[in-house]
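Both complexes shown next keep subunit A, but they swap its partner, so subunit B is in the first and subunit C is in the second.
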Partner chain A sequence: MSGGKQVRCRAKVSWAAQSNGLLLMRQDTGASATLSYPEAAIWDLLSRNVGYERVVKIISAMERIGADRAADVVESAVRQWLVDGWLVNGGDDG
Partner chain B sequence: MQDSTFVIPIIDKWLIYSPLHHLAALLNGAAVSSLRESNSRRLPESLASIKRAIEAEPARVPSPNSGPARPQFVGVIPTRACNLKCVYCGFGASSCPDRTMDLDTAVALVDWWADYAKQSGIDTLEIHFFGGEPLCAPDVVSAVVHHARRRAAEAGLAARFEIATNGCFDDDSRAFLSDYIDSVVLSLDGKSVYQDRYRPTSSGAGTFEAVAANARRLAASSTELCVRTCVTAENAKDLQESTAWMCEELNPSSIDYEVLQPTPESDAAGLAPPDPWEFATAFIRASRVAAEAGVRAVYSAASTDELRHSFCPVGTDTIIASPDGRLSACYLLEEDWQSRGIDLNVGTVDAANGVKLDQSAVERVRALTGCADRCRKCFVRRHCAGGCHVNHSYPGHPDRYDDFCVQTRLIAACRLVGGLVGDEQVDRLLSDRTEMERLALRASDTLEDWDGAAT
Partner chain C sequence: MVGTMANVSITLDCERGCPYCFAKQAREHYPSARPMTPETFGRVLDCLSRSGIDQARLLGGEPTAHPEFETFVGTALERGFGVFVFTSGMMPESSLRCLRDAPREKIIALINVNAPGQQSEAEAAAQSLICKTLGERVTLGFNIHNRAPDLNFLLEQIDRYGLNRSIRLGLAHPCASSANRYLHPKRYPEVGLAIAEFNQRAAEADVRIDFDCGFVPCMFPDGWLESAGYVNTGIGKSCNIVPDILPNSLAVPCYPLASTCRTEVEDGADVATIRAELTAELAAYRRIGIYPECATCPWRANDACDGGCVSASMKRLRSGDFSFALPEAGSRTRPGWAARKPDTDGPKRDGLWVIPYVDQDMGFWEDLARDFGDSIKEVYLPLPGEVVGSGRPPQPSERVSEFLQARLFDVSVLVNPITLQRPVEETAPVVIDTLKRLADEFRITGVTVTNLSLARRIREQIPDLSITASVLMDIADPLQAVMIDGVCDALVPASRVMRNLAGLRSLRDSFAGRIRLIVNEACLPGCPLRVQHFHEMGDGFARPESLCSDILASKPWLRLTGAWVLPQHLRLYDGLYDELKLVGRSTLRDPAMYRYVLGNYVTAGEMTPDEIGGGPASPLEPYPIEEEFFASTLNCDHKCNSCRVCRDYYDRVSDAVVVSPS
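Entry: the complex of A and B
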């Protein structure tokens, strides 16, 4: 999911756009989570195979922050999704 | 009453039409004469009720806004570049292919629009994407959509997005459109025989299969799909057939028929606009096919369900941002309107300074929407509003009806008559060129000028 980061969406996770962000759902457990911005944008962009560098540029513009800080925001979000089980490392079974 | 009520010849009858009173009726000449001359007390009740209706207080004449700008929507042109090389295109993809809007500029535009809408009492943050092909600058589209959604949610506004696209995009882009774009206006000029020739890729390959496949998938999603068809002298002959195919195969919400605007490129490709008489006939017949399928057929200029003072964004305070941060009232190329002696620029946007809107320029553009001389006595004037300010009602335009007027007058009349008495009378009209000319070329439609001739 995250270009060059070797993570991917866990199997049976779906998502839907909401007015204020994005709703993640796990079909196997029924768990859900609401992503507000900028995380909603990060998830959407990565899930549509937008390259990591481009995601960072978009987040940098949206947040009006430099590229380094934007990269931190993106990577922090991805780490949290790994912790929360929405993403898995590339080779792991979802 | 008399300058807002029109009388249009429909073979052996007369169509009385008063757009400001939302009134249409089909009468014979004696009835029109009575209506014009008599005191309503001496009229039979059926005519007296029409006379009372057209003497009642009319609806407000549509007019430009006054005071601060009040945009209906903000337009974004992320790039003029395009992945197609349509043979008739005059939108500049070949002359300025590489310029893409800066992401910081795009975000600054959204920030301004959100703040402006909130403080102006505008409840929807509406943004339309034009091109080139907007999806050739996908990061700009993504940044604008996501930032606008966030700002709208924060401000308690609705967000609405529309995109004009050529339909040649990958699955990821299609998923994005399905998820976030409310209305997709997709260009498709008919079946492969036309689409592949008129709208090839930059390498010359046909696009029909890819565009049709994307259209099908979008129509099956929650996004509204509107198909836009460019009508030429050639494909006008197959308009019914292509309409039937689109309705059956693509199931769009609407099909918008736009007559080819001649360009040096279209001339070089040997393409010409349709004959206006043939187009009007073809459109009316195609619109019946569409209606049977539950699809709305649109020829925007002749849409009588709306009173307008401007045909297009010009004069409605709409702000359209070009890739270089120039703000204007029109999505055509700057050189197009400059060649007509018109200045449609209204400001600038950039990341450092945000939006700088020139109120005097907004007012200058509003003033362009006054009624053109040739429109003053035309029954469609409150609907087509003179057509395109750059290509049709530009300063110094000829003071006589042109092909746009002819097809617009015919289609508007046919739709009004069809709504009153059904298709039979419309078919009689469309099968008689002399009667069509009598209707379409009539210099004045006003009740005041009505002479009762030819009844």
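Entry: the complex of A and C
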């Protein structure tokens, strides 16, 4: 993927796998959130530097949904994490 | 009770050097911390008094090594405190006299003992002297740092010296930011079982077990807490912050978390306030839990457990500065392949992968720990020092010492040449001595062997080392599995059964231990040249040839029958394994290739068989391996003489690759 908006994980954000998803936490503020599936899988894959396109493919396969729907799911999750402050735009502090 | 307790660490110095030492982190984080001054000690006693606490719990390091120890004890007694001393037993005579001569009801000494084989004669003698001198004022404590603790010696000591009839058991917890040997929570159930069995003997001897912090209810056998009378005794709720006040008057939640949070013991402060501050700082971390399953555990939901040791929980945290490009609106990604069935396992399982050591710098390993740490069970490498071969030519090992010192991963060692060069009687002692030394120094948790007699001797001498039966044992049927039962904890099935799901199922049903599948070895099933090949590889030939090249040149379709499983097809083996092993000490020496292959296996990525590092018997071209074809090879009758499925598939995909524009 090229030409898109660069997004990155906010500094001091950590996460741990949970049986019901994934726990996100900010070590600077103590804030936390639980991601359920498939959002947990999306975060896990992105954090392992699996390419965005491949994440969409995997979600499509995991959820047995079509490509467009999978792309919506991934993009929606990412945009929500930007709003919630778990991710930041490339040039932003955090 | 814990709400009204605090430990006073009067010195961080200790000469014992236990591998699991929790205070190591405090020593490293506060390297300039001097022994506590009398003025600070006085202020700390003021704080305890204000808090309604009537016991000064003196901690180290080794508290009796403090030059003012006797003065501190005297001061505490004069001010009406009882004195509780946590000691290794390496106590100066003057300190022992001081404790002996104090009012009996005011003194408790808790001696943290190590197992008889894990402490020096000097330590044992010193502890013996304290036990004789203080008798019932001594309680024995034991920190469990391996999965099969033998605790019986504690009962013998209690009877021999007339000690307090209770034992304080602790778990060796990980320090948050430094390396110590600790008991990984995945070992807890084994320890819980051992404790339950020991408790039976202890109860018969009228000895009570008290549990230190970090024990969780789920580690014990079902129903044991109720039958043994430990319901509502704090198990599961004991990571509850008894502050440790350090010599520099900083209070920390505990030693393992000394670098995570702290607060100053200011004039006028009380322990409840200190505890509340530290509790608030740790509140976010408490949500993690030591296991992924803590999130949905009924013990936790019912407030019977807090999820175990916070420091151990924090070890599960991952972090990293990842980034990616979010597509602009309208430039939608369109996957070019059809949706497959979902993985039946749901989320990725933790600690599944056993991976090879390759001689890369620590940055490589730190990246792996960060990116795949939750997925990695252990890293394997040859037994250092060329004591005995590992069935493969020697590989670079310049950085192995640095790797072992870093203790990023559990490590297992290979003692698996196809045959031992000398009889077992000659080989075993040196192998066992080396294993003992490594297990003491590093996080060596397992060994892979090909020789059952050697395995038996290792089991006898180092009972808590996990033993895996090598793939070179060639175990493919239940009768063979029965032969290793009780000696080996894990079994790597023979290459020749990897494409036989019914055979793997039989093995799994017949073997009580763990099944570990090798996913990317490409050896031909039942290759008649295998023993000679591994003999040449393991016995010092500079560049052993791949002996099967002639066979493969005349029958190239045999490459499709090898023991490999692509990441996208691992789901076909669901329920047939406990662990997965990646091979590639030789073929995955390139760090980028290593990460690529491991990453794909961990995330069930799509690969072709030429990419997996399977060696010269692998398919050498990027043949697409369709799931339908692969699945058929797992369930067929393996009558390759009369069957054309693999030959025809090979003809089709090899033609396709040849005409591919790329």
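The criterion applied here is as follows: the second predicted complex is superposed on the first by the 89 of 94 C-alpha atoms of A that agree within 3 Å, B and C clash if a C-alpha of one lies under 4 Å from a C-alpha of the other, contacts with A are read in each partner's own complex, and residues count from 1 in each chain.
Going forward, a residue touches a chain if its C-beta (ideal position, glycine included) is under 8 Å from a C-beta of that chain, and two chains touch if they have at least 3 such contacts.
Quantities reported herein were computed from a predicted structural model and do not represent experimental measurements.
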Contact breadth on subunit A, by residue count: subunit C or subunit B: C
Touched partner set for A:Arg48, first subunit B, second subunit C, both or neither: both
Partner chain in contact with A:Ala70 - subunit B first, subunit C second, else both or neither: second
Which of subunit B and subunit C A:Asn20 touches, first, second, both or neither: both
Which superposed partner A:Lys57 touches (first subunit B, second subunit C, both, neither): both
Shared contact residues on subunit A - subunit B and subunit C: 16-17, 19-21, 37, 40-41, 44-45, 48-50, 54, 57-58, 60-62, 64
In the complex, subunit B residues that touch subunit A: 103-104, 106-107, 138-139, 142-143, 146-147, 149-150, 152-153, 158-159, 172-173, 175-176, 179-180
Interfacial residue positions of subunit C with respect to subunit A in the complex: 283-285, 287-289, 291-296, 313, 316-328, 331-335, 337, 339-343, 346-348, 350, 371-372, 374, 599, 602-605
Complex contacts: residues of subunit A adjacent to subunit B: 16-17, 19-21, 36-38, 40-41, 44-45, 48-50, 54, 57-58, 60-62, 64
Complex interface listing, subunit A residues touching subunit C: 1-9, 11-21, 23, 25-27, 30-32, 34, 37, 40-41, 44-54, 56-58, 60-68, 70-71, 75, 78-79, 90
